[in-house]
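As structure tokens, here come the structures.
Here chain A shows up in two complexes: once beside chain B, once beside chain C.
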Partner chain A sequence: MWATPAAPGAVDEKVSPMTGKFLPRESYLPNRPGYQLLPFRFERWSGDEILLVNDVGELVFLAADLFAALVAHRLEPRETTYSELKAKHFLADTSPSVPIDLLATKYRTKKSFLDGFTKLHLFVVTLRCDHSCHYCQVSRVNEARSKFDMSAETAERAVDLMFCSPSRVLKVEIQGGEPLLAFERIQQIVALCEERNVHEGRALEFVIATNLVPLSDEMLEFMRQHSILISMSLDGPELLHNKNRPRKGNDSYLQVLRNLTRAREVLAHDRVSAVMTTTKESLGCPTEIVDEYVRLGFVSIFLRSISPYGYAVRTGEALRYETDQFLAFYKAALDHIIEINRRGINFVEVYAQILLTRILTPFATGYVDLQSPAGTGVGAVAYNYDGGVYASDEARMLAAMGDESFRLGSVHDNSYEEIFGGETLRALIAGSVLETLPGCADCAFLPFCGADPVFHWRTQGDIVGHRPTSAFCVKNMAILRHLLGLLRNGDSFVRDLLTSWATGIRSHPVAGAEGVARP
Partner chain B sequence: MGDERPLTEGASRSCLVLEIDLSIYEIESVLRACYKLTDRIYAHLNRDPAMPEKIQVAVLGRQPDEDVEALLGELCNELIDQQIRTALARETGPVREMIVAQAFAEGNLLDPARDDGDYVGDPRGAGSRR
Partner chain C sequence: MSLPISLQGKDLTALSGTILGRITSTPREPRADHILKLESRPEDADLQGYVAVITADRWDEALGLKGMAPVVHSVTGLEALADGDVVSLTPGGHVRSLYRINSPHNALFATERCNSFCVMCSQPPRSVDDSSRIGELLRLIDLIDPGTRELGITGGEPTLLKSGLLRIVERCKERLPGTALHILSNGRLFYYGSLAQQLAALAHPDLMIGIPLYSDLDVEHDWVVQAAGAFDETMIGLQNLGRFGVPVEIRVVIHRQTFRRLPQLAEFIYRNVPFAAHVALMGLEIMGFAVANLDELWIDPVDYQHELVSAVQFLACRGLNVSIYNHQLCVVPRELWSFCRKSISDWKNDYLPKCADCRARDDCGGFFSSALQRRVSRHIAPIV
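Then we have the complex of A and B:
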């Protein structure tokens, strides 16, 4: 068991009381036999190696014999590994209060996404859409059915509720359906937020998630005046995009390209980002999709798999490919992205960037779909067109399928305290702390991962889920293993590149960066 | 590796039964090891009241063509890892709880006096005249 911490105020024995100088090196070896282990988790890596990760994400690869020696308290202080394990807080041989204090500080930093509570507020201003994508996760309706638009009163109440959040940062994401079909409501929400914020003084940010097709000059000017970001959908080259995202005239791709150019001219190049969804048809063209993003001047891509909600389930799209196929697609696309960077083009895969930030830095990431406890309600909340408040966008999609399990309340009928202090959200949080979940509690990847209770409810029938058969777990474990493998076994360029995605720091200049060639 | 037995009387498929010594592996480790393999096995745990120091795990592959002997080997290796995890959790659990408590505590749980200290009390004499 743990030794008693040194008495507060005790004089450090490592400094000579006579001279005030440091003593010889031997004096810094443990002054009593043995050491104490600090908490960590481990996983068999490959062959004869074990991966050790502590609660704050520090990691070490150990040969099996050294691992056996470590856990049996037989590791010699003169071993190089001993110093590394001590420096990274896997063991302690001096006053235990020091590593506990340091680990607690790092742990608090890793969990800083909890500070201020809900930051991301999703406003679903309409379910109408001019596209009929097979994978649509939001159960869109025909563009003429305006009864699925958010009313002015609902918008007002949702904004009131959002400002009850204690968060200093409020990110307003407006989506649909196709939100630009309800542009008046967007204008109202932005105006209400800005008016309210004169006194509130929050850091306010607006994003519109759109297919970009209904974009008018008036809309663009409004977005410019109010510093609104655009997150648009682009699934890849023309054939693939149009197949994935059909609309009348089958011209989605051309419309998107035309409006992308206009949006960049008015708002600035970096105010428009894109998201893609991987369909069965996408699986065969990882390089083509990445090349399309590079060709159009994007600096990043988020390789997303299909979520099992809404229209994607009704059409069977969510079931059309297995996780293994997505992983093969993901790895091929990532390999291609690395090669593109090797050619001198800076281009990032966003999901890898999120995971690498967790692996390589002490910082938290704001990505709400991979947190512990889950980001449901805590990190993000969705206000549906009818005033229903949901723990996440996925919870809203589930409701559209007839399952209201994660409806937290209504902007019309419930107070902030009732919605965010209610049993539904409490149960979601309690059931999504990885440290308490079977399978996750022992997993070495825990500090890099998160929980998705709504996904597990949908796919496995309970919010905890069964890890060995969870597609969420299989996907994240495989991607984490792949990234750790690249960090461990990749050449110096790959290691440097992946590190730069997490830290923004590049130790070697990119070869050929002066003349950026596009594929 | 294990004894081959019919899962139930008259069952068409046989399962392999592994006898585990509970003085080596704790029940928690056995359960965790079985859980980890439940994507590929069905496991049934049984204890004979006459032999409380042993537990029997009957293992059946989820797929009819599964190599159950290989799965049993995997289970044996997993038992070792899970027993190490159980021992580590026992050894480091209180420290883990202390780290989390300290991370979210308002004050300093490790050294409450430190929050109230000042330079005059510095053990190196920072507060005294030279």
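Then we have the complex of A and C:
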């Protein structure tokens, strides 16, 4: 759809006959007239335009009359639209077995995030924390109480369980609370994994999700030696960050900045990334938050929606209002990011990047929070400090709030088979296949989207949920529409920029007429 | 630069069949496999053990030595053969080079047969039973210098040899383990997954199959290759090769009948063959059927710049390795120069007189020699 269209009359040009031994084009037309439709979903894009998307995410915009002609089997082979639909496997005019084989290969590629089973393993080494963020109901601020720490034995069993996963790639994400407050446990887990991996030979990766405040030189040196990545919390400029993330002395921002510099010096600039949490306070300052990330030398930001965990459950109008506010915030921030890129600075919005990769490439994305079936358990799993195993980080947050619905078992009491083959996970997966969910099964955006059963359980009391009132659905539909609109109507800079996010190829190898050189 | 060599001499006593050997101009041990090339007839030499002797001198009577190697004499142009070249000698005194050690463009010619009949084929197929080639090629592989960087396998359609092709690839892996192998195939027989699987099972360390795709639409592709169902077979063949991990290259010949959907073809390749290791967008070679069909096929490359830029840009921005073959730099937009390769084999490569003044000549792939007499772009001009 974004390749330059053919000159008109591409297919039907009359060719003078070649020498006798060559047959004319007509000899290679299908034996029978007519065509059959291959599977696709559709949605009204604007007044007179229909968006068609097939199962592998290839899409076509059609004028309403052409769409009517298509489904009434009145489209003529000589029409450019016919060729486009055929080449993108929306229709077949010979035996459909070859297009279906090609679609099957593409479908397998799109679903390849399922290969190897659980890749991301979250270790909650302690619930203790030196911050008392409003949006976090998990942490325990009393730093002395070690009963919220993971024991050495629990860590050992969790590592054993992780290595039961058949995945060739194992990503170990160490979380809290503030995990650096239990640094000995981190050291133990890293050592256990590395020792074990001498024989296992997996692709191991370590990330510590930290507020960065308790960071010591000794810790940094350990991280350097073991190639550990840092994912730090940064909510925006000083005022906002400190408001969102209170701690004794109200100096979180200053501490974070000081340690960010040290961490980059020791580990290398690109070994430290940041995540932000959007709060009600954040909604008013999209550009300030983005500017803060750019100013501090980050190359990307993930604009995460307001988490429903930790707040009182919001429903109905209140939730709808908050979602609308978030969408306005998201679009403003994205617009600002595009302008920053126009000024020659490479900066990526990661959620858009994930969705664009799904729209513009034949590949899968590993992002566990938006998959079909959901990534719960099969993409990621959380080992809580006490040995409880949860289907996702959100599932263990729910547990901290007293809801154990998504507890898969315990590292102490259950086998790998019981935890990953048990009824709880089976029900979660069965209930999160978009292709079977009411409101999703016939949605044109399905191939770009995913399920979040834990979110729907939390907000609607049911893992399937009710789409028309789902904040998750409203948000993703709006963002997808926005991105598709930018790809369709944006100027060539915007289209090239968004394409480069999807493909991961930063510098434009060919300078187009309106191309702007980017470093 | 070396040209393919076909020399004529006389056989002293009629050769009993084809003799293959590696040229050496100095006596060497062991002698087996070698053809001793002599400037002049020796007065008294020890010539036993060579597979043959060739010389420019006249040599009409036998030396009378026992176990004397066959002799081809009175060969003109012998100096063109380098030590390490592999030649065949056939009855009547024909000397033909099969492998040239100083050329980067050597290929094994697998068969003259083909199951397609492309409207622009530069080497029109012939329906002949040339299955005896397999044995000759296996012998040739043994004689080729193991230091050879790259070797092509071409035809005709090499996969028509089926198990014969597998034996050739296997022999290359054994004898030439450091030589990259590049097979030109229409890919249709890889529709049968078993052939792709067997080829993959040989685990050649550096093999690529170049497969042409002329359109994103079956009717267009089938018409170009003049074979109903070819598009489907090739597409499934590509999937099979991808599934078994055999590296593939997509080769697109651009001409008047294919240029318009080049951008759509680029998108089709990205969506359906994203595992392609290389995509080559190639200018027309005016040989064979392309001569007969030239009026229907010829388009000045300047007239498809828009489509070419769009396709190259689309593929390159998506991380596909893309090259432009057989185009002169002066007819390609400057922003695409970095994608242009000097792709024309040395023995059929040439330039126009006016190219002498061009500053970009050394970076330019030039012309097929065959094009110069027939048709070149009206925009050829030295870059100064």
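Following the convention adopted for this analysis, the second predicted complex is superposed on the first by the 458 of 519 C-alpha atoms of A that agree within 3 Å, B and C clash if a C-alpha of one lies under 4 Å from a C-alpha of the other, contacts with A are read in each partner's own complex, and residues count from 1 in each chain.
In the analysis below, a contact is a pair of C-beta atoms (placed from the backbone, for glycine too) under 8 Å apart; a residue touches a chain by one contact, two chains touch by 3 or more.
Treat the numbers as computed from the prediction; the structure is a model and nothing was measured.
Trainee: Is A:105 touching anything from chain B or chain C once the two structures are fitted on A? First, second, both or neither.
Mentor: After superposition on chain A, A:105 lies in contact with both partners, chain B and chain C.
Trainee: Check whether A:469 is in contact with chain B, with chain C, with both or with neither, and answer first, second, both or neither.
Mentor: first
Trainee: Could you tell me if A:500 is touching chain B, chain C, both of them or neither one (first, second, both, neither)?
Mentor: After superposition on chain A, A:500 lies in contact with chain C alone.
Trainee: In the superposed arrangement, does A:439 touch chain B (first), chain C (second), both or neither?
Mentor: first
Trainee: Between chain B and chain C, which one contacts more residues of chain A in the superposed model?
Mentor: C
Trainee: Look at A:194 in the shared chain and tell me whether it touches chain B only, chain C only, both, or neither; answer first, second, both or neither.
Mentor: Neither partner.
Trainee: According to the stated criteria, A:153 is in contact with first (chain B), second (chain C), both, or neither; which is it?
Mentor: It touches nothing on chain B or chain C.
Trainee: On chain A, what residues does chain B touch that chain C touches as well?
Mentor: Common to the two interfaces on chain A: residues 2, 5, 10-11, 101, 105.
Trainee: Mind pulling up the chain A residues that touch chain C in the complex?
Mentor: Residues 2-7, 10-11, 15-16, 18-19, 21-25, 27-30, 56, 58, 83-84, 86-88, 94, 98, 101-102, 105-106, 109, 361-363, 496, 499-500, 503-505, 508-512 of chain A touch chain C in their complex.
Trainee: In their complex, what parts of chain B are in touch with chain A?
Mentor: 32, 35-40, 81-82, 84-85, 87-88, 91-96, 98-100, 102-104, 110-111, 113-114, 117, 121, 123-124
Trainee: Okay, in this complex, where on chain A does chain B touch?
Mentor: Those in contact with chain B are residues 1-2, 5, 8-11, 37-42, 44, 55, 71, 96-97, 100-101, 103-105, 107-108, 111, 438-439, 442, 466, 468-469.
Trainee: Which chain C residues qualify as touching chain A in the complex?
Mentor: 117, 119, 216-220, 222-223, 226, 228, 232, 235-236, 239, 242-243, 257, 260-261, 263-264, 266-268, 270-272, 274, 292-293, 295-296, 306-307, 309-314, 316-319, 335-336, 338
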